[in-house]
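Heads up, the next two complexes both have chain A, just with different partners, chain B and then chain C.
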Partner chain A sequence: MNNAKRAGSARMKRNVFILSFILPTLLLYLVFGIYPLFKGIYLSLFDWSGGSETYNFIGLDNFKEMMNDDVIPKTIRNDYILVFGKIIGFMLISVFFAVALTRFNIKGSGFYRTIFFIPNVLSVVVVGVLWRYVYNPNVGFLNSAISAITGKTYDFAWLGDKWSIFALLPPSIWAGVGFTIILMIAGILAIPSSLYEAAEIDGASQWRQFRLITLPLSWEQIKTSVLWIVMTTLSGSFVIVTIMTFEGGVDNATQVMGSYLYMNAFKFGKFSYGSAIGVLILILSFITTVALQKLMNRENIELT
Partner chain B sequence: MSRLFRKTMTWGSVLLMLTLVLSACGGSKEKGSESSPAASPKASESAKPSESASAPEDVKLTGDFEIQYFVGGYGDAWWKEVIGEFQQLHPDLKIKESAGPKINDQMKPRWIQGSPPDFVYIDGAGSNTRQMVTDDQLLDITDWFKTAQNSDGKLLSDMLIAQPEEYQAGKVHAVPLVFGSWGTFYDKALFKDKGWEAPKDFESFLALGDKIKADGQMSVYIHTGVYPYYINGGLLDPAIVAMNGYDTSIVKKINSLEAGVWSSEPVKKALDKIVQMRDKGFFDKGSPALNHTDSQSQWLQHKAAFIPNGLWVESEMANDTPAGFDFGFLPSITQDNGGKYVANPYVATVAIAKKAKNPDAAKAFLQFLYTEAHGKSWAELSKAPSNIKADLEATNAPALTKEASRFYNSDSTVVSPEVVIPEELVTERNNATLALTKGDITPEEWIDRMEKATEKIRSKENK
Partner chain C sequence: MKRRTKFSGSRWLMQSSLFLWALGVLYPVVWTVLSALKDNPQFLLGRPWNLPDLPLIWSNFSYVWEKYSFGHYFVNSLIITIVSTLLGALLSATTAYVIARYAFRGSGLLYYSYLSYMMIPAFLGMIPLFFLMDDLYLTNRALGLIIIYTVTAVPFAVFVLVGFFKQLPKELEESAAIDGASHYGTFFRIMLPLVKPGLVSVSIITVLNIWNEYIFALVLVNDPTKYTIPVAIAVMQSEMQYRTEWGPLFAALLVSMGPVLLFYMIFQRKITGGITAGAVKG
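This part shows the complex of A and B:
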């Protein structure tokens, strides 16, 4: 009897303890995560300028307008150029360096790890401004270097061209690759060295070791990295675009969904239309994430 | 010991950061609370409705009076001075200033909630007079403005260089206070050095451009490609007016979103000027990637001879201007041989909130502002021309301001109305013009895009 009571109060204590962790977080999540999400969806059904006192309910008209907006396809294209460009760039570089820093006994690998991670600490704003100087057509580092090598003045406007969106890839990769390198290093270090030793004795080349041991056993890290890239790019490419090409480059050449949302909501006085673009971003991120997750679902290889 | 020390240091620095962040928040909060709704929205009880629109000293003003003004490149010295004078004139009035570089964003919630300040100076990022009129936030002062006099007993409308823009046909909502103009800028010292002469018309501009190109030291014309409204304001708009035989009515047609205005002959001719400059290779190739500071500093470093810009450029670049640089200003470069200059203005306006709690004080303040003395003090304190007619020659205004004001007062210059079109159309025009300067599109495509975009907005506004 007494024992049961004690057990009950202990369970209650435990529940209160758990609740005290969950409740505040849940509350914050609801206020700062869920409420704005639904408010955004709600606003996308109105014709609200962002500054007026009147809201006109117009149903799905904003989405119909989106269908006829020539800029929207461009922004989606640009977003996916960034997503896939970044996935390829990030994964090639981070797998290469992670393997190099763990599997080959390079002197001072700790030093390199720090070096690669430094750009991650910098704010994207700083990165953008730095790279604007690199790309500056008349006084920039890149064009000066090309001019010096070729001996002719080279004044190509890297950020002022139809395809400038590709010029945004190097800075975005440079700014974030440190994180995935660290992730991959952690993944590779968790693989028991006995596997490699056994492979070595069997005479497997480094390439075979990479293909048959490193890649399958660090697949979880690769998957995490790719999803992280997709989600941060679709929701955050706005920053690098705005910092480096301001209003979306030449004739929307670098406009992405996020920056176009901003232009509509805060510049054109079409806050609701901006919200509708936000809904589009939400849907596309969701589809892309799910699709990639399905695509990359390999059989989990467990160590026994 | 050392661990304890480290721990204390860590926590100390965390605390320090927190305090800093919080105090920063607190600081801005304080400013915010300054601009929070007045505790007692007492309307002026004793003041009669000033339909008579007489000189403001006659009326005794009481109650609260809130003024919102943006503080940017022009500073706030002038505002402090005139508000001080106004307060002395009306000691019973409780004047509250809501001001700062972020004031437009800070006050936005109050405009949305319907408890705006009484008087607003509309300028700076996040402000747009046309949008405020569309959102029905500003008081319609059409009838009052017709007879309103300033403190000196002169008709208010007689004091203005640029008349109020009609955001809705036949209606006055806001009065321009700042008047400056776009134009083409060059370095007088450099031109003297090289023996070049500032062009008087498009023909001489092209000839000089060829010379500059042949000289091989710099490109002819650099512009702010990231914000193409610089080239629209400095080059295209004056060209349109000049090609319309200096008849400024075309700007009104543009502003009222008239169908077919972009495909009219004057616009075609103006676009052709850009095409000619492009085909001669006058545009600096780097321009499309440059923002205003980039393009301006490269122009100051003589990487290019001309730049389209606004009169603010002198004070904006004051810290980066090399010694001996002498700012020269031409209102326009696209006029035909023997033609006039076209000055394309930019204005910032003042207005009274539709839901003002003390509209009488706001009207009186408006009348108080527009005197010649205040026009002069604006030029001196804000280092830029104002929209108030005043003779600046004897003042301490900067040289460029005086030079510009000489142009405005000259018979050989036509002052056109400002092009004010919805922000969305501004952006479409920016994109199209930049694409045209790069040769990505033809003038016909430019016209086509503009007509389409205008049609889209027109159909929406007429809904």
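This part shows the complex of A and C:
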């Protein structure tokens, strides 16, 4: 009887403990993390501009409006130029440097590893301001260099052009590639060195070793990097775009989905339309990550 | 013989591209420092790569610190970063501990719901979050940013700390129970100190993320006295369209860069190690 009571109170104490450790975090997370996400999806089905009076359910009308909005295809195009440009740039650079720093016994490899990550600890705002200066038509680095080399004044407006979205690729790559370099290095270092030793004895060239050992065995890290690039770009390209080209450049030349969402909601007060763009971002991120995951799995089988 | 020359050729290519990339990373940082010491005529008449003329314009720093209120923004950013990092560490360590060490219904669901939050673009909830914060009188207040930064820091921290707590031997709790320690005592006096390395690396990453964060700070704060450094820099730059003060702008960049670079130099191994920890295992 007494024992059962004690066991009961011990169980009670345990449950109180568990709850007291879970609930504060969970409450904050539900209220400020989860609720806004679902409310965002919910809002996308309404016609709502901030006030509580006009709160009409309109079904998928916001999405229909998107179909007729000329800017939307441009934002999607721009986002995918950034996504695929970054995937190519990031992966070429990081695989090359990771191999160089692990398989080639290069002097100062620790130094390089430390240095290469520096841009990743800077705010994207700082990166954007720096690169905006690089591209500045009159006093910027790039045009000054071109003028100095050619001897003629060159004042091309890199950020005021129809194709300025491509000018945002170098800063995006510069700012982020340190992460995938570190990731690839960790992946390659995890490959058992006996494999390379055996290949060395068989007389396999460095290139063959790369193709048959390094690439297939660090494929997980390549996949992780690619998916990371997709997710951070589709939801984060907003920052570099607004810092470097303010409201999306000339005639929305650099507008991305995130910046267009922000403009619609917080500049034009079209909050439900903005929410619908948020849903679009979610759907496209989902489709893209799933598709890339599938694609890279198949290639994985072919490689090994 | 032929292969040997080819090999050293690729070595040479690698060494020179490594060197060039390192230069491309370091030069902008050094260049920012040099440019922060120039005045406007040097920007307009000289080449961007020229060294600053003597005397150096040290007054650019006091100018942004006082006239542009960066001293004030620095304090805002510092308080918000420290408080949210500590709160985030506490809230994630407690949750991670029970998930890792106690069997209870819904523990898996809890864990995976935190994990999946990392995959969802926070942008999706930005609009409702703004109205929620506004209803709660949390816009234009440091507390609002502290709450949202704490919440966004939790998922990654839970993910990493669950791993750390799981590695601790079972005997620790058993002997603590025999000694009559309560659940709370066991956690705070025995288990928490043992995952200190995990807590430290998670907190370092949180500090960097929050110090650099722009989107939430932009949406949730409109009152200029409540700006964080990234928002203040963005505002200052957009004013540059009408009034050019290049030297002070780069001095302002240094207010943001200086502390993180120092931080990175101190915690370099922890930062790169902690960031890849999850990704390489997964």
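FYI, the second predicted complex is superposed on the first by the 260 of 304 C-alpha atoms of A that agree within 3 Å, B and C clash if a C-alpha of one lies under 4 Å from a C-alpha of the other, contacts with A are read in each partner's own complex, and residues count from 1 in each chain.
What we mean here is this: a contact is a pair of C-beta atoms (placed from the backbone, for glycine too) under 8 Å apart; a residue touches a chain by one contact, two chains touch by 3 or more.
Please read all numbers here as calculations on a predicted model, not as lab measurements.
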item: Fit-or-clash call for chain B and chain C when the two complexes are aligned on chain A; value: clash
item: Which of chain B and chain C A:139 touches, first, second, both or neither; value: both
item: Chain B versus chain C as contact partner of A:252, first or second or both or neither; value: first
item: First, second, both or neither for A:238, with chain B first and chain C second; value: second
item: Contacts of A:148 with chain B and chain C, given as first, second, both or neither; value: second
item: Which of chain B and chain C A:269 touches, first, second, both or neither; value: first
item: Contacts of A:40 with chain B and chain C, given as first, second, both or neither; value: second
item: Contacts of A:28 with chain B and chain C, given as first, second, both or neither; value: second
item: When both partners are placed on the shared chain, which of chain B and chain C touches more of chain A; value: C
item: First (chain B), second (chain C), both or neither touched by A:129; value: second
item: First (chain B), second (chain C), both or neither touched by A:156; value: first
item: Clash-bearing segment of chain C, relative to chain B, as chosen among 181-189, 235-243 or 271-279; value: 235-243
item: Residues on chain A lying within both footprints (that of chain B and that of chain C); value: 139, 246, 266
item: Interfacial residue positions of chain C with respect to chain A in the complex; value: 3, 7, 10-11, 14-15, 17-18, 21-22, 24-26, 28-29, 32, 43-44, 47-49, 91-92, 94-95, 97-98, 102, 104, 110, 113-114, 117, 119-132, 147-148, 150-152, 154, 182-184, 187, 208, 211-215, 219, 229-231, 233-234, 237-238, 246, 249, 253, 256-257, 260-261, 263-264, 268, 271-272, 275-276, 279-280, 282
item: Parts of chain A lying in touch with chain B, wherever the complex brings them together; value: 49, 51-54, 135-139, 155-162, 164, 245-247, 250-252, 263, 266-270
item: Of chain B, residues touching chain A in the complex; value: 108, 111-114, 126, 128, 131-132, 134-137, 225-227, 284-291, 294, 298, 303, 422-424, 427, 430-432, 434-435, 438, 440
item: Of all residues in chain A, those that touch chain C in their complex; value: 13-14, 17-18, 21-22, 24-26, 28-29, 31-37, 39-41, 43, 50, 93, 96-97, 100-101, 104, 106, 111-119, 121-126, 129-130, 132-133, 139-141, 144, 148, 174, 179, 182-183, 186-187, 190, 205-206, 221, 224, 228, 231, 234-236, 238-239, 242-243, 246, 258, 261-262, 265-266, 271, 274-275, 278-279, 281-282, 285
